[in-house]
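In the two complexes that follow, subunit A is the common piece, with subunit B as its partner first and subunit C second.
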Partner chain A sequence: MTAAVHLSSVNCTQCGAGLSVLGGGRVLSHVCGYCGAVLDTQNAYKVIDSIGKRDHPASPVNIGMTLTAQGAEFTVIGTIGMLETWGGRTWNWVEHQLFSPTHGYAWLSHEDGNFTFTRKIRDFPMRHWLSSRQVEASETPPHRSFRGETYRYFETTTAKIDFMEGEFNWRPRLDDATTTVTLLGPNAMLGLVDGPTEREVELTTLLPRNAAMADLGIPVGTAQPPRYHALTPYRQLPEEGAMKRAFGVTTVLALLLALAFSIASGSAVLQQTRIPVSALPQTYSFTITDTARLASVTFRSDVQNAWAVFSAEITGPGGAPILAGSRATERYSGVDQGERWSEGNGYGDFRFRPTQTGPHTVTVALEETGTDGIRPQNAQAVDLTVRQGVGSGFWMLVCAGVFALAWAAIHARAAMHRKRRFAGSDWTDED
Partner chain B sequence: MNPFRLVIIVGCGIALLGAGYMSYYGVGLQSGDLAANAASLRAGSSGGGYNSLGRIK
Partner chain C sequence: MTGSAPTCPNCGYGFEGLRKSTRMHDCPSCGTTLFRETDALAPIGDHGDMHDVAMLLGLGDTVTLGQRRYDIIGHARFDYGRGWWDEMWAVSGDDGAWISIDEGDVVIQRAIPDDLVPRWTEPPVLGATFTFDGDDYRVTEQDAATCIAIRGEFPELMQVGDKHQFCNATGPGGSLLSGEFWDGGRTWFVGDWLDPFEIKVERAT
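Entry: the complex of A and B
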């Protein structure tokens, strides 16, 4: 434990116990930890009240401990036990008054294993005060702006004092109740405290737990493990901003390139239109000059409510067949329950990778045909196109999808953190 | 520049170049139902018919 230096002490004017004096000249009351006497420090430690002997609330923090917060060293001078009862449930937490000779008074709270540091602020515009009644009347969670940040409604608590010990720069009384409307900002909580005699605004920040415990001299293993706190900071991934930008830009580039690859469908080396189906099979010649990229064979027929399967056998420069393939072309349309529908486009293609450059032939034949539906029309003619240098947007789309998912995952992580922060809010849409 | 940031940018660049190479050359995108050195013209025929596109009316 870190002890404050230069302690002075007084004796309790009720029980005679020695009481450390740590709190500076603006302390108004001192509650004896032995007999519960409330002493007036401005009037010769005269007894003005008594809370009797009470159980000390559970807190690892004791009077006399010191810690550094916001660049100043503070000493724990008092302990207040708070109690809130609502809806049949009870919440307890402990607040410790702090004193710094250079920075004045502040509060250290211990709740659910977390330590928070609270200071009164004077620069909040009181015309923007938010009362619990205003909260009740709001359709949406109220929010306030302060120091360039937006604070959104989090909870309303009405708590009363059920324990006190040590020095305070005010005169607390048992069962004194305060109503606090708490707004949650990105890095702090704004507390609008409506007390018995005055309104105050407080700003609360979460202290790094292990550092605070080390500073206070509390072994980390002895304190209760912390529960999630609404002020728990978002832990960014390494270079998260750069990752988001890079993944977003890569996604857009990949989509544009996918579009470009899809539009650039190679160059036609054979194009025969309106080949009469009755004249099939037919053989045509074409020349392949690019074996690095894919080639494609495309059929387009004029079927209507019918299907036709066309085949193509391709021979290489030596005249030997190198591959064969076939594709169905089909197109259907009709009216179903008053709605027109259509399906298929009379189009079929396959892709292959040429192995040799030079003259090739393709023999086109009709393999099968059939009709289905009203006013059918069998294939009368077929268009045949052979292209080389054919690319595809497929891999670029895959790339775009992967990076879009990564981009979305980072955003989702931050969004989940924001949602989790407000999970403890008492706001409901029925309010 | 931060080395991690450099890794991210280089990684994105490599992914784009790799996908661009595969898209340009059509890696793995040959039709899989072709008959190589085939004498038969029937290979890969998918037939046809009213429900061949999966439509159920």
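Entry: the complex of A and C
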């Protein structure tokens, strides 16, 4: 409740020290920073407990500092030192209670040089509560949905209070332990806090460090350098979304063009069908008029369960050989365990780039032949086709590959960031 | 809206555009609290001192909650001894709701019809549990309060100095039941907690 009377200070009822009153009407306890007395703010500041004189945990944040978080102005009103011990190791961190007259109570935490802002939320569906016991029983990292985002299990922390000073909207006690199951979402952490008396759900966001320090009045150079935090935001490349779309689209376009170029068959300048193999070698003439694009030589034989290698020697307008090439034609078929199968189509071709227009010749010969399988048939005749103006999709394919790599690199960068965020998780597959 | 413009019987201030549902309001000119009768306004007291403090939302503001926009037309403040909280009467068309604000704890509630209210005729004790509308509720707060200031329009009679006991009971999924008890009467309200960071407020100009 909003404080009825604006108190600026009270005297500790145990040691008489002056204590600043910065919180609101819902403050329940005030821990004297001088003598450690825990005072009941709702009952004339009577002493209800004492933590004695204890060393103040290291934190650049002090009671009375102010900062703006998520658009609301807060004042630091309390400090809690937290301690976690597990597996022989110890972790310490400091949490500061914040108060805003308009937005209520929240927490500012300082750990590993980072500042996080934590506030209680009330709209988490408690029937989806996740306990540490449920986590231990899970075979895969549990996850929960909240406000349209997915939060995946990150860690379980059981910590106890080992220091407190200032004002709190609850009554903390030394060594009070809370177990928090933390789930990591895209921009925030969900903390499912199982405390001594109640369960609460908290939402934590990472504050921009330099802005927070400037707001609090802490010189940037005096705080420890920050370590990577799981809530560190992903830094998008300039126009990353546009780049992803552009590389994706250009990859598809390049592939389509490569396909189109590959199936551009050009026009036939020589077509000889059913050339008896027994009559080879044979020489035929054709005329090239297009040197801007590729030409192709295609063989088609009537082999069956056999193969035949045909060669073609091409001469240019001057009669000098400009190219020699050979291709195998093969075709096999049969029945295997009741199922028909076939392989090969009797075709073989190669492409070349003509350098001169004018009359050319091609000499076709049978190089090798052989059979394999049942009821084989060696090549009896061969069809020969020479085309010009044939397209090639090779370079477009190269372009598609480059664009696809760029697209994959951008996705991989984001994926690596996601992986790094969960690197600090305590989840193991043995859990 | 009414067609006629009633005037303050104390100072003659004219009130244009009072809502049909308004049962009482305060006079911004002389500070008199006015009860609306059939065709006249009757003075029923002073509207109290409303100390100026930072508030999440205030009289005249427009608030967007989800898909609905509410106009804040009434503001009452209740003292509980050690502090106070604020109750805002918010209207959206013909719909009206109470928005309670208490140091960042914000809840929107509507009155429960008399035939459906929980069975309690006295404030249930702290920790008491009961079922309402099929859900389990637990009393998490119980205290007494006094109305110390009122501004704007309200659908019911309220007076500075009115005392009542109240309780809050927490239900599943962020729902909250509140009961108010006074000599010879009780009222229950039910609603949901609101996230103060998610509330969009257009300030009155």
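Assume the second predicted complex is superposed on the first by the 315 of 431 C-alpha atoms of A that agree within 3 Å, B and C clash if a C-alpha of one lies under 4 Å from a C-alpha of the other, contacts with A are read in each partner's own complex, and residues count from 1 in each chain.
Note that in this section contacts are C-beta pairs under 8 Å (C-beta built on N, C-alpha and C of every residue); 3 or more make two chains touch, one makes a residue touch a chain.
All values reported here derive from a predicted model rather than from experimental measurement.
With both structures placed on the common chain, the touch criterion links A:T250 to subunit B but leaves subunit C unconnected.
Look at A:R340: by the touch rule set out above, it reaches neither subunit B nor subunit C.
Touch criterion met: A:W307 reaches subunit B, while subunit C stays clear of it.
In the superposition on chain A, no contact is made by A:R375 with either subunit B or subunit C.
For subunit A, the partner that touches more of its residues is B, with subunit B and subunit C as the two candidates. Shared-chain residue A:R89: touches no atom of subunit B or subunit C.
When the two complexes are overlaid on their common chain A, residue A:K419 makes contact with neither subunit B nor subunit C.
Residues of subunit B that touch subunit A in their complex: 2, 4-5, 8-9, 12, 15-16, 18-20, 22-27, 29-31, 33-50, 52-53, 55, 57.
Remark: subunit C residues 53-56, 79-86, 102-105, 172-174, 192-193, 195-197 touch subunit A in the complex. By the touch criterion given at the top, residues 238-239, 242-243, 246-247, 249-250, 253-254, 257-258, 261, 292-294, 307-309, 311-313, 320-328, 330, 332, 336, 343-344, 350-353, 363, 365, 367-370, 372-373, 390-396, 398-399, 402-403 of subunit A touch subunit B in their complex.
Against subunit C, the residues of subunit A that register as touching in their complex are 1-4, 24-26, 42, 70-72, 99-105, 119, 121-127.
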